[in-house]
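Below, each structure is written out as structure tokens.
Same chain, two partners: chain A is paired with chain B first, then with chain C.
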Partner chain A sequence: MDIMLFGPELFYLGMALVFFCLTLRRQVQVRLDYQIALALSAVGVLVTGLCLFQQGDLFFKAYRVDLFSQIFKFALALGLFLVLTISHNLAAIEERYQAEFYFFLTTTTIGMMMLVSSVELLTIYVALELSSYSLYILVPLRRGDGIDVEAGIKYLFIGAVSSGFMLFGLSYIFGATGSTYLVDILPKMNQLVNSPIGIIGLLLALAGFFFKLSVFPFHFWAPDVYQGGANQVVTFIATASKAAAVALLLRLAVLGHASGYNFTIALVILSVVSMTLGNLVAIVQKDFKRMLAYSSIAHAGVFLMGVLTITEAGYIGVIYYALAYLVMNFTVFMVLSEVAADGRDLQISELAGLYRRSPLLSMSLILGIFALAGVPPSIGFTGKLLIFTSAMNAGYFWLVVIGAVNGTICLYYYLKVLYAAYFIDDPGLPVITLSLPMRLLNYALAAIIIGFGFCPDRIVELAKAAAKAVL
Partner chain B sequence: MVFSDPILLGCLLTVFLPLSAFALIMIFTRDNPKLSLAISLVAATIPLIIAWTFFFKLGGRAPIIYNFDWMVSDLVKVPFGFLLDPTSLVMFVIVATISWLVQVYSIGYMAGDPGFGRYYADLSLFALAMLTLVISSGLLQLYIAWELVGLASYLLIGFWYEKFSASEAGKKAFVVTRFGDIGFFMGLVFLVIFYGSLDIATVNSAAVANSMPPWLITTSGLLIFCGVMGKSAQFPLHVWLPDAMEGPTPVSALLHSATMVAAGVFLMTRIFPFFAASATTMTVILAISTLTLILSSTIALAATDIKQVWAYSTVSQLGFMAMGLAAAALASGTLFAGYYHLTTHAAFKALLFLCSGVFIHHFGTNDFFTMATQGGRKLVIPMACITIAALALAGIFPFAGFFSKELILTALAHLDNKLWLVLGLFGAFLTAYYSFRVIFVMLFPKSPEAYSKVPGHIAHVEDEAHGHGAHGHADDAHGHGHDEHHGVPWVMIFPLLVLASFTLILGFCQDYLEKLLLGASHPHAMNYFLLVAAVGCALSGIALAWLDWGRKDAKCVGFISRFPALQTFFIQKWYMDHFWRWFLNRFIYGIFSKWFTYNDRRVVDGGVDAVAFSTVGSGRLLSFIQTAFLQYNLLFMVVVLAGVGIYLMMGR
Partner chain C sequence: MLLSPFVGLLVLLCLKNEQKFLIRAVSVVASGISLALSIFTFVAYDKGLGGLQFVEKYEWVQTFGITYFVGVEGLNAPMLLLTGIVIFTGCLTMWELEDRTKEYFIWMMALVTGVFGVFMSYDMFFFFLFYEIAVVPMYILILVWGSTRKEYAAMKLTLYLMAGSGLIIPGILLLYASSGLNTFNMLLLHGANFSPWVQKVAFILLFFGFGVLAAVWPLHTWSPVGHVAAPTAVSMLHAGVLMKLGSFAILRVGMYLLPEGFQYWANLMMILATAGIVYGVFVGLAQTDLKYVIGYSSVSHMGIVCLGLATGTIDGLNGAVFQMFAHGIMTALFFSSVGYIYDRTHTRDIHELGGFSKIMPVASAFFITAALCGAGVPGMASFWAELLVFVAAVQVFPVAGLLAIAALVLGALFALRVVQSTFFNEPNPKFVHFEDVSPFLGIPRMILIGTLLFFGFFPQIMVSMIKSSVVPFLQGM
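Up next, the complex of A and B:
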């Protein structure tokens, strides 16, 4: 039954093949493509859901299927499905490229799914590149005036340099330990992390994921890509892709758990700078997506805070928050892409009067934004609470204080969005009507954000079991 | 676990059904009157059934407690849960029953109102809050429900919010009760800090076992009583309740007479052993409640608005209950007298309000002189019911009020200082007088001219201006003509009949209830002197009312008009509203607000602005790092990584 362990990946491989065939057709059938994509991704969510409790090793133990990987695969499948739900109107992408859009989204999902299961350095690298290349293509796919190309190139270059760092780091680790299997590396790292080669190797090896998560100083791509990419693509980058990066960061950071003070202090610095820089610069942004890009940089800092504790509590917090972040960030992006139905870049000021134009969207916006800001009783609050508590218990008092101060700063720009949506009205802006599925999606997201914020127990239990698998 | 335990399931249903009804109506069905009504009625009927089942099944058993951790910190654990003991079961039944009856009654009363759905949503919210309050196991949970009840009250008083006076009254009720709640909360904080638990059962047994320092009992007891003063409208925080009559009349019946305002007294019974442990607290309560009794009874003498009369009567009866509890505590008696009066009062006062509601609905005015001259007595059933209720209120045998008043007076008689008893009797006399003033005017109307001398009453020609329009909407909607005297729908009559039968029966349930509440019924040594005095006071009050208002050639001015100064004093409601206005202007706005605003503007805002500007400024500065030059970005990455690497090397 080994093949069943590879089930989700196989399913998405098949899905990619379907889309590949669809790209070959002469005449474009946009509606049909969309329906196929949506249906297949919904089935994909089901498949990954069914495979949630699988366990086992594949491919000479380079590939591990455990609860940890399956949870993230489920999150990725969910992310893909959610992104496709808001792709019903792909105004920003030329019709003849829309099948490609679905194709590359699927391949990048496969890449990420393989990434979260990889426990061998080369597999990790290959999977990472598979997911990245698809995104490199997706970003400039937007119909536009060159800003997309600029973003695409920036993304590619920074990604390539980060990969370079990462490979360099991996080669150090391999050189020092003589193995590419994490299982073998782990015991040897305990002495190695206190030598220059080990610590530099590990730090550089994390670079690839820092890039994905847009941790300072690998964050330069985020604002431009967020602004330049099509709304749906950016949604995927901002949700599913982050979850995958967090997963791998969790797997690799374990290698540094014996390092003591030095390694973690480096991560503390990156975390603090990411949070502070992201939040401060987000304040002055006028473009909604650009603001969200800086917000994601700040959130990368929060994730890092949980990761660097390398404790079970911290890992639980990070896993919970990664799942929560996927939902809440998606909620905000969903509002964004519904308001900007023609695929334009949305200015924050264009949200004016949203409470009147679409009460439901404005409710989702308020919930999403409050969740991102960490206002109780949303999932965002619970996640932040878990992470902050774990960091506090691990002894990073000042890090938590800085995190809390940043939590206040971030309210400033988050509330600016809500201010625009609720307190400014522009009678010139049109009313937005939502289709029934979209309305249901709105209610479902609201229910998740509030419901799991109130009763996080089930998810925390799941995260606990998953954290055990990697620690 | 939930489903295997029917009691827990019942408690949960009681709380969550009204909650979901509120949510469903507010979010989905607000514009659909029929559906909203159905949802709300279902969510009121099931708790009703649960309440009565519990009452009969669990009545004699030991308290049942469920606790679930809600907030756990090092020193304090705050559970949420349910406490079902006789004290809560009786109130549970009262609340569920009256709330159900009022919902039924409102079908007729509120028919055609544009806010019908919202009305039922608010009623459901109230049911949620009130039922939670009654069966909660901890004081913090009770406090949360207490505040939610306040919210529901605010929403319902200001239900016709487009009317300025209604929204003002809602605001007043909210703010004034909040005044008391500050005290309540501080009391809880004291308890948590110096005792460490807010569990009702624990606090009570600690007070009984003397394991709590006396100063703490007194301090937090007095502070918690502040909350009681606000919610149960005790002097000097009673000013909100008469204004609260701006809400629809069924709401007045449910919230502002029978259940919500009784929550204060209920709280006193809930932690009665705790309160009773401090004689100081109880003396203060006795003084305040007595003052309240006298004050509000005298104001009721001069009121011309039927709901105002009953509102002040409610205030006075609440005072009476508190007197009973305080007196019992001081003479080491039991909570039964006060609680029993709460029970009977809930029945007959709700009846009074609902009957008045029928008249108001019918005649479109609140002025009972106008109702009388327009033929109010032709509505036979409501007239009979209101008379029964008034007899109960006045304390006439064999109606419920007689028995409970008797008990409270007995408790007062046990005190060494007989002054309290005299004042209690005087209050009973006034109560009989003002309630029968209304009844006699309604039963034996004189010509409209005869009432022209009544201060405050304005002849009904100007009704439109005077009649508060308290029922303006519904009245326009169905346009009841004055000749159409059979138009009272059965949904409005049915609750009257139920409550009237309660008023008749409850008096004879004394032994049963006492056994239920205290575990044993004590045979009462009849104090014949007291019996004669009480009935004498009530009868003389009625007789005086007959002389002033009832008999054929009555002067229709009231004995109080012999003392013009006093009359003005009462009509001006002891100048309490003036006092609060002056107090607010002089102290709150003049001193606190002024200086706090100054501090806020200059110091706090200035500081915040400075921080904000510097934050935004640093954001601007930092955003320069983000340049369009890719090579700089890459360089920056390398430099930072190199820096971190060097730091790691050096730091070792």
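Up next, the complex of A and C:
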């Protein structure tokens, strides 16, 4: 029975071992590696799917398996699988490093899976570092002219600093409560949270996840890493890693439940600044990935808006939106990496003529972009609306107004992308042909974006059950 | 009714780009079905019984109290009829389109699905969802198939409307949150007692949010630019139907749910509406581009709708809804005839077209009919609508009412001058060789004229329909 509880992690551990062995070979067999990776990750999705309704505790109750953690594990497995589907052409990574690419992607997935299940401070920290270190290596893996190294170092430094903050905060919490178990900390936080040590400890402890989610003021890495990393790596950072960060924010924010004003006002400020800053700076970007980086900063603000309500409705909204964000952001990145097949950075203007080059990709782009912008009927719209609703219910009228205004601002730069893809024609570029699996993937993503946007009930019910497990 | 454009959309998705005839045929059939259904609901609606009929209701997301709830009553039945007529004629009008035909009709169908949805929804979530679905395709429709400064117009229009949505979302959510009922169902929310503060704040948010789409002065600036840039059928739909979404939403969400808020802001509505009427008339008649003339006349006509709403009396609301209907048909006719002329001559300049009636008598006749209707000539539907509004307005706001009437009378005078200089001067020799409207392409325009005349001679059909809902509506306030 315990095996099933730890099933997904064990599976991915096995997968990591396979790729560790593959990295030791002398001859490189790119195709074979890719096929193994894709097949294993597809099985991984199945395994996590099967373990969706497992429940229990492991490792002296430091590790909890509940619907909440399993949903996010499923999302992570799905994210890994999706990223691998667009890795059939890893032009940006040298061939002899490609097995390492798969290896580190798998280990970072394991780290994140452990992260979403951890309910003990030290476990959380170790799992976080496991997932981060793999990413620190993946970012500079790109074959390039040094921009990748710059990105990698920036990522490492800011990551290390935020880890430092986080450890500092965790030590405050531990010092004040005498326990590292969230279950024990929670009742004691009620008195603590309005004292400086409680608030500072909690906010600093959240810093590690603010970094992952690229919340202001830990957002500086995002544009450079997005631009400097290989497209596939960035896709993983922008989708799966965000979901994991959101999950932990949800778990830890519960500690601030009783705080009332002080704790939430800090989050409100971070949310507003992230949204506004991200959206305003995104307007002037020319590089597609940089623009998406700033849009991710803006989205981090939206996530925070739901988190800071610390109500069931807010958590439902955030869980829903985290899943939605994974799908819609992936859709956009998929288009990006298909268009930039040689692994280069794509300028927005280079999307010109996409309408003619590949109608299917441009349809996916339109759906993904509209979903990110929160235009109905898409999962992005429904998710945003659920979060706004919960924030309004919790009495944050002005926060919702600012969020809605930001919704208008962001539309401008998203529409510029569509404009480039649909209305500027560049006759010199060849037609993009997609393989059959890629075409199916496009249709599937489109169906998910529209279908679950229009009929969100099932997901909402699932998210509701998951939210109950955390609150 | 909601389903038929949607099914049409799905069928279109499956068709190939080369099968142009099939694409057109499918869209015309789909819109024809929705027209037939909207006529059916209009006729089959039991006025004696009143209230909501043809209700469909499903639980959608229980946790957040979202229900799929559509129905028909006296207020929206005319709007549905209007949409049915305009989309059907719009599809016929665009029969000649050659460029990216499939996508064009797909977006049209998406837009129409949204429009029908807004008019029928009684759940705020779906109301807003459909509202956005109706608004967003405009960007693409204008950008790909538009003319004159289309990039600027499309971006301006979209940002304006989205800014409006940015006001609507907090407004709707404020209602949802402060009612404490955990429901988006409007009929249930109607029973909630909102505090005066909520009433005032939410109403003004919703009024300005929806007011952008209704082209309430001074938020109208996107509208003439957008109409000019849009392709013919989109102008028809947009001026004819979409702008009505805005005023309809003010009525349905704003006034219905927030009567006190409405009372508080009624004077502001009246002032803005009157300003819009006067401004639209004068600016419109200084234009030389025919589409700009129509665009600004729309602003002034929408001002009349708004003025009718602001009165808050039975006659006023009757007139406002009637005016929405009449103006929708009339503008569709306007744009449809101008579109025809523009497709042939590639100009809309009044001076260049001079004496056009000698070249294309039928096309000109269509335009002139619309102009007469706009001027409120008796025998046309808009005559009754404007009469009702002005009667109510003079009683409630004497000064504004008289001002508006004066502006309209002057406007009628100028309108006749526009008609005269466009159609009855010496013909421009450049255009002599053009042929007139063929009988087939004349059909959609004839339908529109027929509707205008029919309700001009039998206004009672429409008025009694609207009244069956307006009376309980006002009692509920």
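In this text, the second predicted complex is superposed on the first by the 471 of 471 C-alpha atoms of A that agree within 3 Å, B and C clash if a C-alpha of one lies under 4 Å from a C-alpha of the other, contacts with A are read in each partner's own complex, and residues count from 1 in each chain.
Here is the rule we use: contacts are C-beta pairs under 8 Å (C-beta built on N, C-alpha and C of every residue); 3 or more make two chains touch, one makes a residue touch a chain.
Owing to the predicted nature of the structure, the values given are computational and were not obtained by experimental measurement.
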**Prompt:** Between chain B (first) and chain C (second), which, if any, makes contact with A:S435: first, second, both or neither?
**Reply:** neither
**Partner chain(s) touched by A:F165 [first = chain B, second = chain C, both, neither]** = first
**Request:** Identify the partner contact of A:L277: answer first if only chain B is touched, second if only chain C is, both if each is, neither if none is.
**Result:** first
**Asked** Does the superposition put A:Q55 against chain B (first), chain C (second), both, or neither?
**Response** neither
**Prompt:** For A:Y412, is the partner it touches chain B (first), chain C (second), both, or none of the two (neither)?
**Reply:** both
**Asked** Of the two partner chains, chain B (first) and chain C (second), which one does A:Y422 touch, if any: first, second, both, or neither?
**Response** second
**Request:** Touching chain B in one complex and chain C in the other: list those residues of chain A.
**Result:** 412
**Contact set on chain A toward chain B in their complex** = 150, 153-154, 157-158, 161-162, 165, 194, 196, 199-200, 203-204, 207, 216-218, 220, 223, 261-263, 265-266, 269-270, 277, 280-284, 409, 412
**Asked** In their shared complex, at which residues does chain A touch chain C?
**Response** 313, 316, 370, 375-377, 381, 385-386, 388-389, 392-393, 395, 397, 400-401, 404-405, 407-408, 411-412, 415, 418-419, 422-423, 455-457, 460-461, 464
**Message:** Could you list, by residue number, the parts of chain B that touch chain A in their complex?
**Reply:** 612, 615-616, 618-620, 622-623, 625-626, 628, 630, 633-634, 636-638, 640-641, 644-645, 647-649, 651-652
**Message:** Quick check: in the complex, which residue numbers of chain C touch chain A?
**Reply:** 60-64, 125, 128-129, 132-133, 136, 139-140, 143-144, 151, 155, 158-159, 162-163, 165-167, 169-170, 173-174, 176-177
